Amino acid sequence: MENILNLWTGSGFYNITGGQITMIVVCLFLLYLAIKKGFEPLLLVPIGFGGVLANIPEAGLALTAAENAIHFHKPDVMLALSEVLKIPFEAGQEITAETLKAFKAAYAEGNASTVFAADQIAKNAGYANGMLANFYSVIIGSTVGPLLIFLGVGAMTDFGPLLANPRTILLGAAAQFGIFGTVLGAAVLTMTGVMEFNIGEAAAIGIIGGADGPTSIYVASVLAPHLLGAIAVAAYSYMALVPVLQPPIMNALTNAEERKIQMVQLRPVHQLEKILFPIAVLILVALFLPDAAPLLGMFCLGNLMKECGVVDRLSDTAQNALINVVTIFLGLSVGSKLSADKFLDVTTLGILVLGMVAFGVGTATGVLMAKLMNVFSTNKINPLIGSAGVSAVPMAARVSNQVGLQNNPQNFLLMHAMGPNVAGVIGSAVAAGVMIKFLGG
Amino acid sequence: MENILNLWTGSGFYNITGGQITMIVVCLFLLYLAIKKGFEPLLLVPIGFGGVLANIPEAGLALTAAENAIHFHKPDVMLALSEVLKIPFEAGQEITAETLKAFKAAYAEGNASTVFAADQIAKNAGYANGMLANFYSVIIGSTVGPLLIFLGVGAMTDFGPLLANPRTILLGAAAQFGIFGTVLGAAVLTMTGVMEFNIGEAAAIGIIGGADGPTSIYVASVLAPHLLGAIAVAAYSYMALVPVLQPPIMNALTNAEERKIQMVQLRPVHQLEKILFPIAVLILVALFLPDAAPLLGMFCLGNLMKECGVVDRLSDTAQNALINVVTIFLGLSVGSKLSADKFLDVTTLGILVLGMVAFGVGTATGVLMAKLMNVFSTNKINPLIGSAGVSAVPMAARVSNQVGLQNNPQNFLLMHAMGPNVAGVIGSAVAAGVMIKFLGG
Amino acid sequence: MENILNLWTGSGFYNITGGQITMIVVCLFLLYLAIKKGFEPLLLVPIGFGGVLANIPEAGLALTAAENAIHFHKPDVMLALSEVLKIPFEAGQEITAETLKAFKAAYAEGNASTVFAADQIAKNAGYANGMLANFYSVIIGSTVGPLLIFLGVGAMTDFGPLLANPRTILLGAAAQFGIFGTVLGAAVLTMTGVMEFNIGEAAAIGIIGGADGPTSIYVASVLAPHLLGAIAVAAYSYMALVPVLQPPIMNALTNAEERKIQMVQLRPVHQLEKILFPIAVLILVALFLPDAAPLLGMFCLGNLMKECGVVDRLSDTAQNALINVVTIFLGLSVGSKLSADKFLDVTTLGILVLGMVAFGVGTATGVLMAKLMNVFSTNKINPLIGSAGVSAVPMAARVSNQVGLQNNPQNFLLMHAMGPNVAGVIGSAVAAGVMIKFLGG
Amino acid sequence: MTQAFSLMAVGMGFVFVFLAILVVVTSTMSKLVNKYAPKPEPAKAAPAPVAAAPADAQLLAVLQEAVNQYRSDKKR
Amino acid sequence: MTQAFSLMAVGMGFVFVFLAILVVVTSTMSKLVNKYAPKPEPAKAAPAPVAAAPADAQLLAVLQEAVNQYRSDKKR
Amino acid sequence: MTQAFSLMAVGMGFVFVFLAILVVVTSTMSKLVNKYAPKPEPAKAAPAPVAAAPADAQLLAVLQEAVNQYRSDKKR
């Protein structure tokens, strides 16, 4: 009888909170967007599914051993935890919601030794890390997940168009203004008291404007892990929305004349240039911004493996088995941050709004930069390819092409837009390095 | 000279025990069954091979650092270990077989802190985890191995036949009686004093009747890790023996009339149903049995990836590279539990007997359930498909088909039997969740 | 303003040392050899690239958390570290280059507990393991990387030629003299005071003569991890140089008559022989040299998976996805040992010279053994296949074939040379086991 | 023994209830889908009639071999 | 706020400087390559004119199917 | 030095003894297999005579291309 009661009081029905229901609905909506609307499904399917798992009541899949112990708060375990977490607590003391909050906060802010000690106590008492918490710590906590995605993306990237017309790199630089402009926006929100973001959080939010999933996850995991869920969801959603978000801005900032500019056909690129390019980027990173070395290092390695032509089996694996495996776990790990208590917060709204602003600003500055460059050069650039500088490879380049075709059915901008498009990846990785340099560590 | 002596006293010839010889022979026999007789070779080849490796004398491949240190029992290391293991031990004390046993037991039963401290002492003294011990801790100790197998199996499972005839799900429920009936059997053995199993061990043995390898390994790793080797070997062996074990039972419980029943052709199933099914299962799990969430969550994710049609590259990887890699390591990890001191025990015999009983009971209750359902319904079910409810996908469904053809050469039951077959997978995962809920943590 | 200064003082330009520049150039040269000259590109591309990453100033990619903390030596962190490293250090004490060296040495020589404590202190202070340091510890520190390479190599190896003519195994034994002769060479260098190697280092260097990459990495990681970079680079480079290094020795030790010997065509080999062979090797290892069990165990498992014919999907994965993934990380991990302070040492020169001697001696003893065997047997062996006994599969066998064709255009020695070639792999794994038995642990 | 009985009762009961609910949920879901969802397309337009003429058999053998070769080339 | 401004100034400045240097380095590298490196071969000799005759289309379908079958066989 | 000599003696000796035993074991095993085991089948029935006619060469090129395309499609 007690057993059946136990089954009932331990069931989801009995324990589910409104927040969890909301988040499960939100995650099912993400799955809908991914499957039915084609929103970056490779990431949003595992993210959405992971989000549902993270909100299963009592399962604690997204919680570490210590967090699980705090959730079930047996008195003796709490007593032991209170010592390492340095929280005043006496045997027999009543455990209120406030108490639990204090324990959670002390654990979340604890240093490596504290976390280790608290987890050991919890494991001694029979608690274990949830499945998603393990995935998160291995894949994102160690930063290896985003780096391996970058390895694979590097192995899939063709720098030919960029090499054929290197000045389009500057468009990829300009579009990063979206990142830093958003940091400013977050600062304004904080100053005006609407919401409160510290500078690290502001930077992590700004990176959404980089329009690059793994970079966003990497930066958020370093500067503001508690916002990672919202940031990653915003980044991937807006990348999927590029065909909706960008064209109005592109049309508003250009006239029909400019949109019809036909560009000189790209010259063929020597294989040796393609081999030397990732090495050149690597050396520049080594000389100027060591903090961008992990991200851009893996990206360049992937690209070198692709272009050098002698390690095709490694390049193949990086583009397929390896990136696919990592994608599954990365998505589930991001999903683990979609638990109700972490996601359902007014700051999430701020992140969504600021993220969209970041995309808009980046698009605009990319287009404006192209117009500015046309002032100084004879070989005109079609400003529509400027918007591709935000990255969101290859979606943004396709949007440039589409808008171009609407204005001149003979004007294929795709390959021209691929230059700023991939430059945008490098640009936002550089921006990520600068922000980590200043605010990390 | 001393060196050569060293080589001799450290060799396998000098150190091998009768138990190790026996186990190596047993493992070679497993390899024979796998390779020559086709017994679930994907698992039994690595399991058998891992078992041989685990029994190589002095190599300590299946031992952790602390276990290796105890095996070589240098006095100063033992003194240090005695402190953290809280065993009375004095410097210079003679080390008997009894002493070693006490140390091993204290380590095996130690909590997380004790194990960590003991391993650190051993590592300080130059001992390391054996290769298989590392594999075990990463793949099974963390539970990630069986979960990833479930992900891959989910991505290979077609729920079409089940969706076309959902009431066959009940056959998959009935066949789980094998699991719980065996728990009862183990309790009877304990009560009558033949062997001794605690309730956790009984449950872990019962799960063999679930006829599902990864579920068995998962449950055993949580409830009775010391029996894992025998349980996994029994589970996979009996799954391979399904064509031998099931037909007599099926024939005994049915008459020729019943065996000739032709079933209505299955209706075509809408893609959307296939997409919604794993989500429906996930939500039911979330509401009713959070403890089954890891297993069924990964299973449903795999299935959703397969059916949603937008993440084929992830589904491909889950079905191939990922599941293959995990299978190799999972097999070796299970093999690490086939060391003589763990496997050569009278309980192993009990496990083998009870496991076979579990299979038999599950087969019988599946068939009987089908007959029961026929009493109440007009659309008759051929009771031969009831036996497929034990899972053992797709072997049990093929057996249903074969026995059906023997009775009516025009009667193809394969697709009809796939419904209860895959329902059996869900059923035993649910049973696993219930048992972990009651007995785990 | 301070920020910009910060960016400048933290840049690579400001911090780069002469040693780092040298090493980056060396690594770029390795990339050149790999890509342009085809020197074992699968390994040397990631090794060279990893070497560049390891030498990026201030990025600390190859350093652990504690090493990074020592590099930046904040006074309070140093104070905390001094306690666990047991170095006399007072608050406010000036930190000289000498001090840093003492800290680094104490950390490098610390036992498991010391290393753990130091890393925790560093993590508490916000330092983290560099990316490459993480890769190294997971892939090489745990020894799993070389073992998985061996698994894949086993799955790619065909023992048919060896089984058809088993006495050629002895050629693979003789060629291992290169390994032990080099140990002697290192001892001579030490005795004469030219360089100083302890016996463990000498053995690790000698293994270069085994002409087998993963074996070299495995032995070096156990016996002399600080020399691992140079040893791995030497091993792979010389394997690539086999077509240059071997022919002169082969020609010098044989006369035209001998080089023209035509060998009896190989008999067809029964599939069952191929299945039993890896099992036979495994059992011999179990009986005679447990210390070679990890390496040869994985090798035999891979080969059994290939030959048994019932687990093709596992064998495929071991040969492709798995070995490719491991190769990328193994290369990067080896590269992490190419940092200036570890590689730019006079001992590296010694390693390169001794490694080449090892190759030469092994080639010579292989050829001489064949000539010796011809004295006692009627079925003559072409001594050119003796050189293939060093392993370097399949390059050395191809060299035997080429030199043979130069002397007799009808004389195809390739398949005959494959026997000693794969025997050489087993031979050096056995030699590795002996050396670890004597000097490890 | 009591424990085993109670585990059996609760466990078996739970498995049945859970799967029975699944039957209901699945059936309802299927009905709704087949009522409201657009008809599925005729399942991926039959994939090119293979093995029609005997000539094709030989072709397939050649193909298979080509694929094999391609795969083994890749591996080298 | 000051922090945000300074981060923006330094960050944006750095991104521009870095990518501008990259433009220069890349252009120089390309010039050197195209001046000194041997001409690239005409890009891998156009890969066998596919889909020439209508017969080929059917052939390709057969092929595709054969490849599929081969692949699915492998998976089993 | 002594250590090095002793390592060499023992090591080289051991390698030889081990591999010599392997020679014996392998030979014995082979003899037993060839005496008692059923004859192996004629090695997988020669895989369809490839590249017989010149037409086949072109076919193979087409095939190869189809396979390539298939593979690259997969990757997308």
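Read from first to last, the chains carry the letters A, B, C, D, E and F; within each, the first residue is number 1.
What we mean here is this: contacts are C-beta pairs under 8 Å (C-beta built on N, C-alpha and C of every residue); 3 or more make two chains touch, one makes a residue touch a chain.
This is a predicted model, so every value here is computed, not measured.
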Length of the shortest touching-chain route, chain B through to chain D: 1
Candidate from C-E, A-E or A-D with the same interface as B-D, over half of contact pairs in common: A-E
Cα-superposition angle relating the copies chain B and chain A, to nearest 5°: 120
Centre-of-Cα separation between chain C and chain B, whole angstrom: 38
Distance from chain F to chain C - Cα centre to Cα centre, in angstrom: 23
Centroid spacing, where centroids are CA-atom means, of chain B and chain F in whole angstrom: 34
Per-residue multi-chain contacts in chain C, two or more chains: 3, 7, 288-289, 313, 316, 320-321, 434, 438
Chain E, residues touching no fewer than two other chains: 7, 10, 14, 63-64, 67, 75
Residue ranges of chain F in contact with chain C within the complex: 1, 3-5, 7-8, 10-12, 14-16, 18-23, 25-27, 29-30, 33-34, 37, 40, 43
Contacting residues of chain B [partner chain F, same complex]: 3-4, 7, 313, 316
Chain C-facing residues of chain A, complex: 111-113, 116, 142-144, 147, 151, 275, 279, 282-283, 285-291, 293-294, 297, 300-301, 304-305, 308-311, 313-314, 316-318, 321-322, 434, 437-438, 441
Chain F-touching residues of chain C, taken from the complex the two chains share: 162-163, 166-167, 169-170, 172-174, 176-177, 179-181, 183-184, 186-188, 190-191, 199, 202-203, 268-273, 276-277, 280-281, 284, 288-289, 423, 426-427, 430-431, 434-435, 438-439
Residue numbers on chain F that touch chain B, as the complex places them: 6-7, 10, 14, 74-75
